[in-house]
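Sharing a structure below in structure tokens format, with a few things to ask.
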Amino acid sequence: MIRAAKQSLLIAAKDLRIESRSRQTISLVVVLGILIVTVLGLGLGGQRPDGPAATAVLWVAYLFSGVLCFEKTMAVERQDGALAGLLLAPLDRGVIYLGKLLSNVVLMFAVAGVITPVGILFFGFDLSKAPLGFLAIMGMSMLGFAAVGTLFAAMVSSSRLQGGLLAMVVFPITLPLVIASTQLTSRLYQGDETWNGSAFAVLVAFDAIFLVVSWLAFEWVIEP
Amino acid sequence: MPQQNNGLLRAFWAVTLLALAAAVAVLIAYTPDEATMGPVQKIFYLHLPLAINTFLACLLVFVASIGYLWQRSVWWDDLAVAGAKVAVLLCSGVLITGMIWGKSAWGLWWTWSPRLTFSLMLWLLYVVYLTVRASVESGQRRAVVGAVYGITAFLDVPLVWLSARLMPDIHPSSITLSGEMKLTLALWFLPVTLMTFGLIIARFRLNRIIRDTTDETQRGFEPVNLHVSEGIA
Amino acid sequence: MSTLATQPGTASTAPQTPAALQTISLQKRIDDRPILRDINLTVAPGQYVALLGANGAGKSTLLKILATLIPPSDGRLMLFGETVGWDGWAARRRIGLIGHQSMLYRDLSALENLIFFGKLYGIASSAARAVTLLKAVDLFDRADDPVKSLSRGMMQRVAIARALVHDPELLLADEPFDGLDAPSCRALEKLLAQLQQAGKTVVLANHDIDQSLRLSQRTVVLRKGRVVIDQPSQELTPPAILKEMERA
Amino acid sequence: MTGTQYAMAAYIAGLGLMLLYGLTLWVESRAVAHRRRKDQSEK
């Protein structure tokens, strides 16, 4: 078991090193995130949006930049057939999934780390009231989103398709995540202290179900 | 063999249309109007069977997707796509009847009530299934992507239902049904379910025939790309 | 140039070594269309086998199955005497694969690639192993340059090094000479011959018939998913193979 | 629009959708059958 964990860490480290080497995705995705936040913010009339609108703006930026990250980390494997080299190594394919999931989550967090301050700067979202709560909710949502995104990125990209398809596949499936997290964050910032148990349950259930299902399904889907 | 099959099919559709006619007659003549909402409530007897059959069709896609991944035979894949097309059709029915009912009851074509939100999300899930399939070229790749999506989408349905209920709800939940109303509901289940499975079988048989003709044409002649006609319809 | 294999003469040690690779009525269908029909192939350890066939005859599909990258639809694959299971990842420790793609990460340097794959295979001192391999393929001076800055010939040599990082006993090559210039071709031919003398089993899928006959001891020709010729190479001539390949 | 008219509209729409799809399938199957017969006769 420890070997598998070490191997998936190795794969994730390799992805992040490639990313730090070219920094091509990070810059592209961050600019896109900022663009989305700006467009949506101006679309909302530029004045300070309240809780749900703020989280919605951030959410749309996270989702689209997340999808780009998933595509890039899979494209790196496809480029020179490196995926065949990976599949040839004596390791279970679930390990490859965990490695890619880890690098995707780290990339998404890095991108969110840049977009969120921009959102705060432009629109004055005051996350100060419960920053940890916001971080926890967004963290869990991104984990669930990356779980589904990594699985479908392995499939969709392998048929060399245009970008839009991955977003179209992942968004409907992750709608429950979007609803649950926006309900939770808006409740957090609306001040009414009633903790929305069922929304949190949806979040936890989504992460649990789709981490397991994607991890199992990856085996069937990945081909050189 | 096909001759005997057609006879069976014709009989099946005759029975279905008969059951439909009976249900319509009962609806018009026998079922009383609901006290609070009036005659518009009668949409319920079509709305609910459509919703339940949508769920059955989604379940069929789920089972067929697992079947494909397990046995890798194209038979399962054709069944899954037939189920998905009928699921989207039925879900459109659910949405339309729901919106018409909403327009009459609250004067708005669309509100983010849990039931309507759930139907919309379900509709999106399975329309994306068809779009994804249509845009993957190689047959085997399309079947695998479709199968995994079919499974994931179905596992997502309970979560979609739960998250839809998180939305603020403005109208009363279910109303109590009198004896006659329950009978009408039962009567309406029969034709709608028969039509659902009739359409799925029809679409499935058509997929099988198209696949055979494409194989035949591709073996000897210049390949006739019949799959273009499959597309979304 | 030191030999690439670390243990000399592995083939002769075990008394009755099981076949390096054996397929038992192997079949592969894609979209229910047969690609490989009933392939029964046995390769003894240390043999140099050339795999020929027109495009679409099933050459690279067969190679992908032998490399356990894709599962067969029917039949069984046995590597070194053991049946390859559903995921087959135990047997992969003894297989190396080179293809017309380099299978390397272009943004990483040659050394980083080798170290990564070495660690993945669980090689103890993967850094040292990477250095010896780069020296063996005469690329130690370019060890730290990103792979994308290397020429096609150099990339192919790093790909060979990657395929040998875990010192496999069976080396599969899927049209490795594609796109190589003459000197790189000759260097690659020498490398493969050297591996075979070191006791490794080599299966080379190739287009060039003369080259394959010159290099290999035995030639297997595929047509429409079936083995049509399986004879020692010196008994065969290019026209004979071509005629067999083109027959309807 | 009275309640009954809305109900009628909903039924026409819902059932119409299904019967229409049934019709398109029937038309498509006849077209395919026709093309198969044409291929057979040409062979």
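Letters are used for the chains, namely A, B, C and D, taken in the order the chains are written, and counting of residues starts over at 1 for each.
In this text, a residue touches a chain if its C-beta (ideal position, glycine included) is under 8 Å from a C-beta of that chain, and two chains touch if they have at least 3 such contacts.
It should be emphasised that the depicted structure is a prediction, and the values quoted were computed from it without experimental measurement.
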> Quick check: more C-beta contact pairs in A-C or B-C?
Replying inline: A-C
>> Of the chains shown, whose Cα centre falls closest to the middle of all protein Cα atoms?
In response: A
>> Taking the mean of the C-alpha atoms as each chain's centre, how many Å separate chain A from chain D?
In response: 42
> In angstrom, rounded to a whole number, how far apart do the mean CA points of chain A and chain C lie?
Replying inline: 38
> Which whole number of Å gives the spacing of the CA centres of chain B and chain C?
Replying inline: 50
> When the centre of a chain is set as the mean of its C-alpha atoms, what distance in Å lies between chain A and chain B?
Replying inline: 32
> Out of chain B, which residues touch more than one other chain, so two or more?
Replying inline: 138
>> Quick check on the complex: what are the chain C residues that touch chain A?
In response: 64, 67-70, 87, 89-90, 92-93, 95, 97, 99, 101-108, 112, 116-117, 119-122, 146-147, 162
>> Quick check on the complex: what are the chain C residues that touch chain B?
In response: 30-33, 73
> Where on chain A is chain C touching in the complex?
Replying inline: 3, 7, 10-11, 14, 17-18, 21-22, 76, 79-82, 84-93, 219, 223-224
>> Taking the touch rule as given, give the residues of chain B at its contact with chain C in the complex, in rising order.
In response: 72-74, 138-140, 143, 215
>> Using the touch definition from the top, list the residues of chain D that touch chain B in their complex.
In response: 1-4, 6-7, 9-11, 13-15, 17-18, 21-22, 24-26, 28-29, 32-33, 35-36, 39
